[in-house]
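Heads up: the structure comes next, in structure tokens.
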Amino acid sequence: MKLITAIIKPFKLEEVRTALTDLGLQGMTVTEVKGYGRQKGHTEIYRGAEYAVSFLPKIKIEVVVESSMTAKAIDAIQRAARTGQIGDGKIFVAPIEHTVRIRTGEVDAAAV
Amino acid sequence: MNLNLPARCAAVVGALAPAGLALLLAGAAMAQDAKPPVPNNGDTAWLLVCSVLVLMMSVPGLALFYGGLVRTKNMLSVLTQVMMIISLCGITWVLYGYSLALGASGGALNPYIGGLDKAMLAGVTSSSNAATFSTGVVVPEFAFIVFQMTFFMITPALIIGAFAERMKFSAVLLFTLLWSTFIYIPIAHWVWAIAAPDDVAAAAKAIVEAGTDAAKKAAAEAKLAEIFGSAGWLAQAGAIDFAGGTVVHINAGIAGLVAAIVIGKRTGYGKEAMPPHSLTMTLIGASLLWVGWFGFNAGSNLEANGTAALAVINTMIATCAAAFSWMLCEWATKGKPSLLGMVSGVIAGLVAITPACGFASPMGALVLGLAVSPVCLLFCTSIKHALGYDDALDVFGIHCIAGILGALGTGILVNPALGGTGVFDYTIGAPGAYDMVFQMTAQVKAVLATIVWSGIGTFVILMVCKLVVGLRPAEEKEREGLDITEHGERAYNY
Amino acid sequence: MNLNLPARCAAVVGALAPAGLALLLAGAAMAQDAKPPVPNNGDTAWLLVCSVLVLMMSVPGLALFYGGLVRTKNMLSVLTQVMMIISLCGITWVLYGYSLALGASGGALNPYIGGLDKAMLAGVTSSSNAATFSTGVVVPEFAFIVFQMTFFMITPALIIGAFAERMKFSAVLLFTLLWSTFIYIPIAHWVWAIAAPDDVAAAAKAIVEAGTDAAKKAAAEAKLAEIFGSAGWLAQAGAIDFAGGTVVHINAGIAGLVAAIVIGKRTGYGKEAMPPHSLTMTLIGASLLWVGWFGFNAGSNLEANGTAALAVINTMIATCAAAFSWMLCEWATKGKPSLLGMVSGVIAGLVAITPACGFASPMGALVLGLAVSPVCLLFCTSIKHALGYDDALDVFGIHCIAGILGALGTGILVNPALGGTGVFDYTIGAPGAYDMVFQMTAQVKAVLATIVWSGIGTFVILMVCKLVVGLRPAEEKEREGLDITEHGERAYNY
Amino acid sequence: MNLNLPARCAAVVGALAPAGLALLLAGAAMAQDAKPPVPNNGDTAWLLVCSVLVLMMSVPGLALFYGGLVRTKNMLSVLTQVMMIISLCGITWVLYGYSLALGASGGALNPYIGGLDKAMLAGVTSSSNAATFSTGVVVPEFAFIVFQMTFFMITPALIIGAFAERMKFSAVLLFTLLWSTFIYIPIAHWVWAIAAPDDVAAAAKAIVEAGTDAAKKAAAEAKLAEIFGSAGWLAQAGAIDFAGGTVVHINAGIAGLVAAIVIGKRTGYGKEAMPPHSLTMTLIGASLLWVGWFGFNAGSNLEANGTAALAVINTMIATCAAAFSWMLCEWATKGKPSLLGMVSGVIAGLVAITPACGFASPMGALVLGLAVSPVCLLFCTSIKHALGYDDALDVFGIHCIAGILGALGTGILVNPALGGTGVFDYTIGAPGAYDMVFQMTAQVKAVLATIVWSGIGTFVILMVCKLVVGLRPAEEKEREGLDITEHGERAYNY
Amino acid sequence: MKLITAIIKPFKLEEVRTALTDLGLQGMTVTEVKGYGRQKGHTEIYRGAEYAVSFLPKIKIEVVVESSMTAKAIDAIQRAARTGQIGDGKIFVAPIEHTVRIRTGEVDAAAV
Amino acid sequence: MKLITAIIKPFKLEEVRTALTDLGLQGMTVTEVKGYGRQKGHTEIYRGAEYAVSFLPKIKIEVVVESSMTAKAIDAIQRAARTGQIGDGKIFVAPIEHTVRIRTGEVDAAAV
């Protein structure tokens, strides 16, 4: 199985979620993260002090899928998350050797 | 209206509070007894404390109430707008606002607008006094000016809830300057620039003293007619509004509706979730609005007497009733009682009782409070969705609607037959006879005049702002949030 | 008690504040001079401002103090409960509360409960006045009613801290309605329905004037005895409580303990960590409680005079002393001084000085403040753990314990020998002789009566609630948090 | 100074508020009419409410204003320090502070320090009165003591902003005890221990009555000279400061600068980002400081009269002007108007108007407000960076700088020619002639005296603290945050 | 070595931590996440506006273990985190090629 | 490609970021996490209640790099994040099979 990790712009979460569920994927885990990259941040000024903020709010979506679904999922995410503007984010795919559903103990395919 | 009905005209007098009686007072006082009246320290303490309470309504009260309801990324924009509005209005009020609205006579134009004799508070010293609603009782004019200033500060701030999260700061600034000058000041003058009780009493006395002397009598009656005739035109119409339901709430509420429509919906409205970022802040704000509102309502009585106590208890009762009734309605219709619902009821109740607080009986206040919530709830939900405008924080649905209910309710609840106080008639030194048709006509007139002038005026002013500085930031800036894009700060760095 | 000891009986009079003297006043006033006394605007301003301050204690004060101490997921439930309680009580107070507790005489039953003549504030107008603690001085009755209303609102709200995070909203609502009616109202009547100073003075005067005329004398003495006899039974007992340590704090505190035990511990109590979600909010709440408490304590003097000033400075001193002493005790025993410790001390000090604020000397207040904290600290930590009940926010440990210390301390510190004011005797127009045994007996009597009635009553009421609506939500709902499951909202959406 | 210039010396009298006139009053009052004056309930209500407002400035006001500006990990340390400081000072004020500063005469030493006769408030009862700034007008002494107590509480709390996030709690405690005793008390005495109006008036009357009788005249003049001579030395110098710009703000501001330098920069200062953790809290704090400041400024008038109203409106205007002007300056120089900028302006304006609020005209207040912000902005940014000290929350940049501008501005704006009130001369019962050179010299003298005594004294006291308990926690503790390492709590557990 | 990632119900954290330390595992990293899955969310109403909240608060535990420990760890986590109700969560196992302890520079087995 | 995950002390973030950008790495994703390990926590007391807090605030940095860069990156992170005190944290390396830049659709090397 594969773990697909996508870093996206926060306001795209709903669209990506829908795109994935439309593929029949029934679960995912989301984390609020801060991203550093080509997209430049902004400056904040507090009375005397000026700070260049280079980390921008992003959303990290982690979804574990059967290997066969990988391509479809990546494609769906990319289409949903794309704005064409710098900072749209990345998709990373990593191998998952084993999966368990805590409630039932089901494993692998049956667990996601 | 018919100036040959002094009793009724006089009704106007006691009626509109908080009033700008300062102008003619000194003379008037003289008129009635050798040495001029001096302020009672208890009244002065009361009026000053009330002014402080009304300031607390704006900051932190209103700022937090509104701020808590927006998304984190726009929190500071709301707070900054409120701060900017009150500081700007504080300055313009002393420069020209007070003089035009309440401080100086506009001469022949006085029914429509005051004059500039007191611009920059010219001639006012710590020994100048302003009249109250009791003949022969005065308060320091500075106390009266600062109390009225706090009303001038908060009214435009109420409007921003309608276009929260999507208006340029520069546009808000320009809008505030124009709106407070061209909408608030005239309306305040129409309603609150009334004939000084002492003058009315003196003139009435003269009529009596004239006895059979026809000439004297005619002269005295002419004098009385003139006194009434020089009052603001809505004041002449006989509308009653104890603490500003019309001038402040209906006025701001309708302006909010127009602004929400003209400026358009927030980006993502209806698609993305936009839950309040901190109902805790909203609760703090609503509570401080409630606390400060006693200064707003009971302070409008100027004196610390039994009527002030009536205004306080009515404000308390109507608010409790409205909060409770909103909770029940929501529980019944949505399945759960919510905090936001209760605090919405708190505000609705406070707005509704504002014009009635010194006229209604406690039971009248209770009924008004129970009645206002379901109506406002309807406007903030079904009706708003049906019409599809994005009045972000329900300025129209709460301030304008509750304001209208209050204005009309006041006309009914003032009826002595319902335990109301009736309307004081300074020509006879007692409450005049209650005439429902007359009273309701007057109330409706005041409501409509406000809606028309404020509605149209707000539209025009927004167009001007659009031309001069533009109304909305670029979409991606709105997405990123006004805090960073307009103010370069973030509200929280946990 | 012996009604042949006017001096001592009279002691009752000046003693119990804030008192419901409204009833007999008008007549009384007549009795002593031609024209009835009129309120002083300074007193009216003071009483109205104090009412506003006490409202601020409830919202946002108490709501934030408690809210900050619970977990995020239950924040709104606390805020909503407080809002609901004050709006409900605000309504019931004017419907029947005031009349039964302080407004109308219960006739023969008056030592135990008042009457319904003033239900719905029947007959009260903005020119009705209520008596004060000075003969011949009155305040507007509406001001007195609204001031007392704020006490009626906050007392049940104090209790919810004991069962925070685990009680159904509907149960809290029902509980509040029953508890405020059957527990608060009677106790308030027992303690605060006292003989009007003017009546006592008049009767005493009659006795003197009777001179040698035995018949007249007997009649006059009978009259005086009757006046005392018609007072609330704890009032007759001679207990003194300047601002409500017994009626409000001991009462709410014991109710909290009973509720905490009956309702049971929070799910996960002792196993999971339950740290306060925002001590910042708790600090804001505690500060506003402190600020508002001056209205509670000094406002109970009704008049703005030297005694009010004494109440203010005593409240300030005792609070500072208790906060500082809690900090030191915690530093010594736990190794670190904490903010929660200091604000707990603030509340403990405020509760302790409440009954004593107008009777003790500043140095007496200092001692009381220093002494209360270690005791409360002990009850909130070791003793609570030993007994194993889950009084979530220490309503018992702070309000009841500090309330008892205050009630007993008052009996000692009122002693003129210790700089206390002594207890005023209206029959002689001066403080009566201090009798420690008598005074302490009276204090203990009041404490016990409150604990018994409130303790048992609370238990019964909870059983009723359990039957009617049930007390606790399902465990998984409690886990998910009451905000979402009971109110469908979340406090924060950062 | 020349005691043969009664008019000018007298100028001192009306000038320095809020003053400790208590001492000689009773006698004085007697002197001028048979029965001693009694307090007006309106004044008493006013002074008590103002005391409560000033407490609200400290908690929650100042605590939140400062707390919001630090990082989350140090939030509680700020809140706890403020709480500790006010409770400690509340205790020491009644033990010895009031007596030494304002309560008792220091005899021959009186120009420099008072006496201990009123230590532990010995002899003060609820019927003791304190003088005001009007001859023959008094307020309850307890009210005066508690009002002054709130000034004593907040001043040391202002300083902690300078060394926020890096000082040991034990060191803050010791520092507060020493600083409030050895710096605040003497300076307050120098400035506020003035000659009682009633005494001055009586003596002046005696001179007149003496008529041609040379001996009598000489005696009377000697008496007057003695009265002036017994005042605090800065009071004698003729400096005017309506509500404490010198004693409170310049004093705390300079102490902050010294402390910031002695204690050194925060670990990571300049390298790591240290944005305010919650500007929302800072807004709440600033708003409550503004609200409470009316008690501070207008309460300093002691009476609720026209001058109190002047102080209120001036405070309002100057604050609005300063907030608006800071916003504009920042917008122009940094490109964006910020909330922190506006609230910094609010504080700067409040500080600047403090000494002038009862002397300047509204337009004078407007000018002062507009002028103060750019200067403070400069000090909080460029100058601070240039000099490289870490005055964490700009105590020096705002309180000291605005304080100095205010003190000097007062000397100019009091000029009747500029609409100012002039300085009242009790020997002639009217404002004395304005002499700019004399006035400005006096103002500068007061500013310098404060800077020197407070600057040097603070340095010495910090050295003592360093020796006794040490000033800073270990670096890793500072990194972890003072909340956990010093208090064992966290501000938020979301 | 393996990276074991467990998504669990927040209130189960303490029990899972204990279960793992009982196995002698001395370290783990925890993240607050939001989960989407079979467990359905709730509706929130703010005056006029109704929102269906489909993401629920969950805790993500990441623990890197020697491959030999994997089974034991999975088993321990599952037992501790299980309530039997829907929403108990998942366990994913991924390969870790290299591990370093920053303080000492120790690698692999020695590093965890 | 590789995913390098570093758990570090919060105040070290800036230094690590600089160290990585100096290597020419143009992107990374940061998450606020809580860490359990050898470094012991502290005790918090709230009135009666005492809590031992064993999870300490840490920062998790995730950076995906071409395999060739792995060693350099690890080295840079370690040098920047090291204080020598217990609690400095860990670095874990995991395989990434596939990478996509959402904006452009570029993959693998070109995507990071």
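We call the chains A, B, C, D, E and F, going by the order they appear; numbering starts again at 1 in every chain.
Simple rule for what comes next: contacts are C-beta pairs under 8 Å (C-beta built on N, C-alpha and C of every residue); 3 or more make two chains touch, one makes a residue touch a chain.
Note that the structure is a prediction, hence the values are computed from the model and not measured.
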| item | value |
| --- | --- |
| Contacts common to subunit A and subunit B (chain labels) | D, E |
| Required steps from subunit D to subunit E (each step between touching chains, minimum) | 2 |
| D-F or A-E, whichever has more C-beta pairs in contact | A-E |
| Between subunit D and subunit C, distance of the C-alpha-averaged centres to the nearest whole Å | 36 |
| Distance from subunit F to subunit A - Cα centre to Cα centre, in angstrom | 18 |
| Intercentroid distance (Cα basis), subunit E paired with subunit C, Å | 51 |
| Whole-Å separation of chain centres (CA-atom averages), subunit B against subunit E | 56 |
| Shared interface positions of subunit A, touching two or more other chains | 31, 44-46, 85, 94-95 |
| Residue list for subunit B, restricted to those that touch at least two other chains | 40-43, 45, 49, 275-276, 278, 284, 334, 336, 338, 340, 488-490, 492, 494 |
| Pairs of chains, among all present, that meet the touch criterion | A-B, A-D, A-E, A-F, B-C, B-D, B-E, C-D, C-E, C-F, D-F, E-F |
| Contact set on subunit D toward subunit F in their complex | 268, 271-272, 476, 479-480, 484-485, 488-490 |
| Interfacial residue positions of subunit E with respect to subunit F in the complex | 3, 17, 26-31, 64, 94-103, 105, 111-112 |
| Parts of subunit D lying in touch with subunit A, wherever the complex brings them together | 273-276, 334, 336, 338, 340-341, 344, 380-381, 384-385, 394 |
| Residues on subunit F engaged by subunit C in the complex (per definition of touch) | 44-49, 51 |
| Residue numbers on subunit E that touch subunit A, as the complex places them | 2, 6-8, 31, 33-38, 54-55, 58, 60, 70, 74, 77-78, 81-95 |
